[in-house]
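What follows is a set of structures to go through.
What follows is a pair of complexes built around chain A, which joins chain B in one and chain C in the other.
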Partner chain A sequence: MGFLSSIDISGSALTAQRLRMDVISANIANAETVDPVTGEPYRRRVVELSERKSFSAELNQAMSAGVKVSRIVEDASDFELIYDPDSPFADANGYVRMPNVDEVEELIDLISATRSYEANVTALNATKSMALKALEIRG
Partner chain B sequence: MSVESIKGVMSSAQAFSQTQGATQKSQANFSNILSEAIDYVKQTEAEAAKANAALLTGESTDLHTALIAAQKAEIAISYTVEIRNRVLEAYNNIMNMQV
Partner chain C sequence: MLNDAFGGIDLLQKGLDAAWTRNSVITNNIANVDTPGFKSSKVEFESSLKQAMEAESGGFRAKTTRPEHYDFSGSVEKVKPAIVSNNDTSYRADGNNVDIDYESVELARNTYWYYALIEQISSEFAKLKTAING
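Moving on, here comes the complex of A and B:
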């Protein structure tokens, strides 16, 4: 590892959390979206995070290089059923399928992503100030 | 002793150049070590400029990548300046010796 690549670990986490934030915002924005043509509701999306590994030639083993978003999956839980018999997409019993987005859960995820972002910025600042402190070694 | 201080500076500067993953065996003289440090500064500065341009043109959507690249360049410059100062100090120590 270069002497500044530890900052890259925090940088990768910032990128991952920002992507997670995008997905959460998309979920909140599409909480009531139904496709106007097919009547298919929006399905909630979830981000899967995994560890990013890099090979360290000095230690001859895989080292952790932060986090990455491995994929964005669709939540397979059931759609919400809202009783609306006048809608063109209503089924035989008058129920319309709405997206399976729970706004409260999304807002909690939003807070979690924000706090995670802030924690990684704190770690990055600590690493940087540690590196700068080394300059104060008097010769 | 001036000779010891030069050895100390050279070994620490050598350690610095080795952590850059120098693939070829660099010789232990001042010009090589200092030029490697300057190359590292040039590289980080180029990365910072590229990240900044990507952010301004909208190509990159992350704010933090440009800032992190700029921080790395700043730290690299500080380190290079410090190394240059120590090397010069050691050199002056020798030159000021009464013959």
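Moving on, here comes the complex of A and C:
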């Protein structure tokens, strides 16, 4: 067990949760965004997390060391339809497709990501204080 | 003689190693609190150390005639912290079983346990120093 591997584990989680917050922010910011040329609405994006394992750990089925963002996927759910016959992108019935972003859902995810971030900061501080305390051993 | 004097420190050092490994495991559990399908792990050490210590002080032990024979007790020197994965439960619909409250409590408990071991090691050294200096 490396001396500071715990700090690395917490660090990977901080990066992952921060990216989650970034993607959620982008979703909220683009909740009304439609491509001005094609009329294609913005698609909600979701961060997928997975365990970060080294190759040797994978071989030995050992413990993973932290978390990583495996990919950012687009939410395939249907776009929202709003009635706006004056829009240049309206279909024959006067409906315009708008992004599939639900602001309430995004805000709840944002709170979840923030709390996870805080939990990892607490874990990081615990590791730091332990490492510091070990330096106090005096012969 | 001097080996005996360091015996207690060796034992405490094992405890420190276990506490550090446990910190790593708890940290990893917390890091993966949002990972789908992740199963939490824990460190088992104290119970196996107790078992080995009891065996060394006259507990059950199998007779061994070759070094590769298993003596069913394990000596104290050989006891290592073991990382055990908890694969049997699911805490949420995504298959994750990290209980963040449990992990937070264990993190705090482990940190102070580590502090206590450090204090004990320091006091062991202080005792040795007193004995040396007179």
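Methods note: the second predicted complex is superposed on the first by the 128 of 139 C-alpha atoms of A that agree within 3 Å, B and C clash if a C-alpha of one lies under 4 Å from a C-alpha of the other, contacts with A are read in each partner's own complex, and residues count from 1 in each chain.
By definition in this document, contacts are C-beta pairs under 8 Å (C-beta built on N, C-alpha and C of every residue); 3 or more make two chains touch, one makes a residue touch a chain.
Worth saying up front: this structure is predicted, and the values here are computed from it rather than measured.
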For this session: With the two complexes superposed on chain A, say which partner A:S112 touches: chain B (first), chain C (second), both, or neither.
Result: second
Exercise. Is A:K128 in contact with chain B, with chain C, with both, or with neither (first, second, both, neither)?
Worked result: first
Exercise. After lining up the shared chain so the two structures overlap, which partner does A:T15 touch, if you call chain B first and chain C second: first, second, both or neither?
Worked result: first
Exercise. So, does A:S6 touch the first partner chain B, the second partner chain C, both, or neither?
Worked result: second
For this session: Using the touch criterion from the header, give the chain among chain B and chain C with more contacted residues in chain A.
Result: C
Exercise. Which partner does A:V67 reach: the first (chain B), the second (chain C), both, or neither?
Worked result: second
For this session: Residue by residue on chain A, keep only those touching chain B in one complex and chain C in the other, then list them.
Result: 1, 10, 124, 139
Exercise. In the complex formed with chain B, which residues of chain A make contact?
Worked result: 1-4, 7-8, 10-11, 14-15, 18, 57, 121, 124, 128, 131-132, 135, 139
For this session: Show which residues of chain B lie in contact with chain A when the two form their complex.
Result: 5, 8-9, 16, 19-21, 44, 61-62, 64-65, 68, 71-72, 75-76, 78-79, 82, 86, 89
For this session: Note which residues of chain C are touching chain A in the complex, please.
Result: 16-17, 19-21, 23-28, 30-36, 38, 41, 83, 85, 100, 104, 107-108, 110-111, 114-115, 118, 121-122, 125, 129
Seminar exercise, completed: Interface with chain C, chain A side, in the complex: residues 1, 5-6, 9-10, 12-13, 16-17, 20, 48-51, 62-67, 112-113, 116, 119-120, 122-124, 126-127, 129-130, 133-134, 136-139
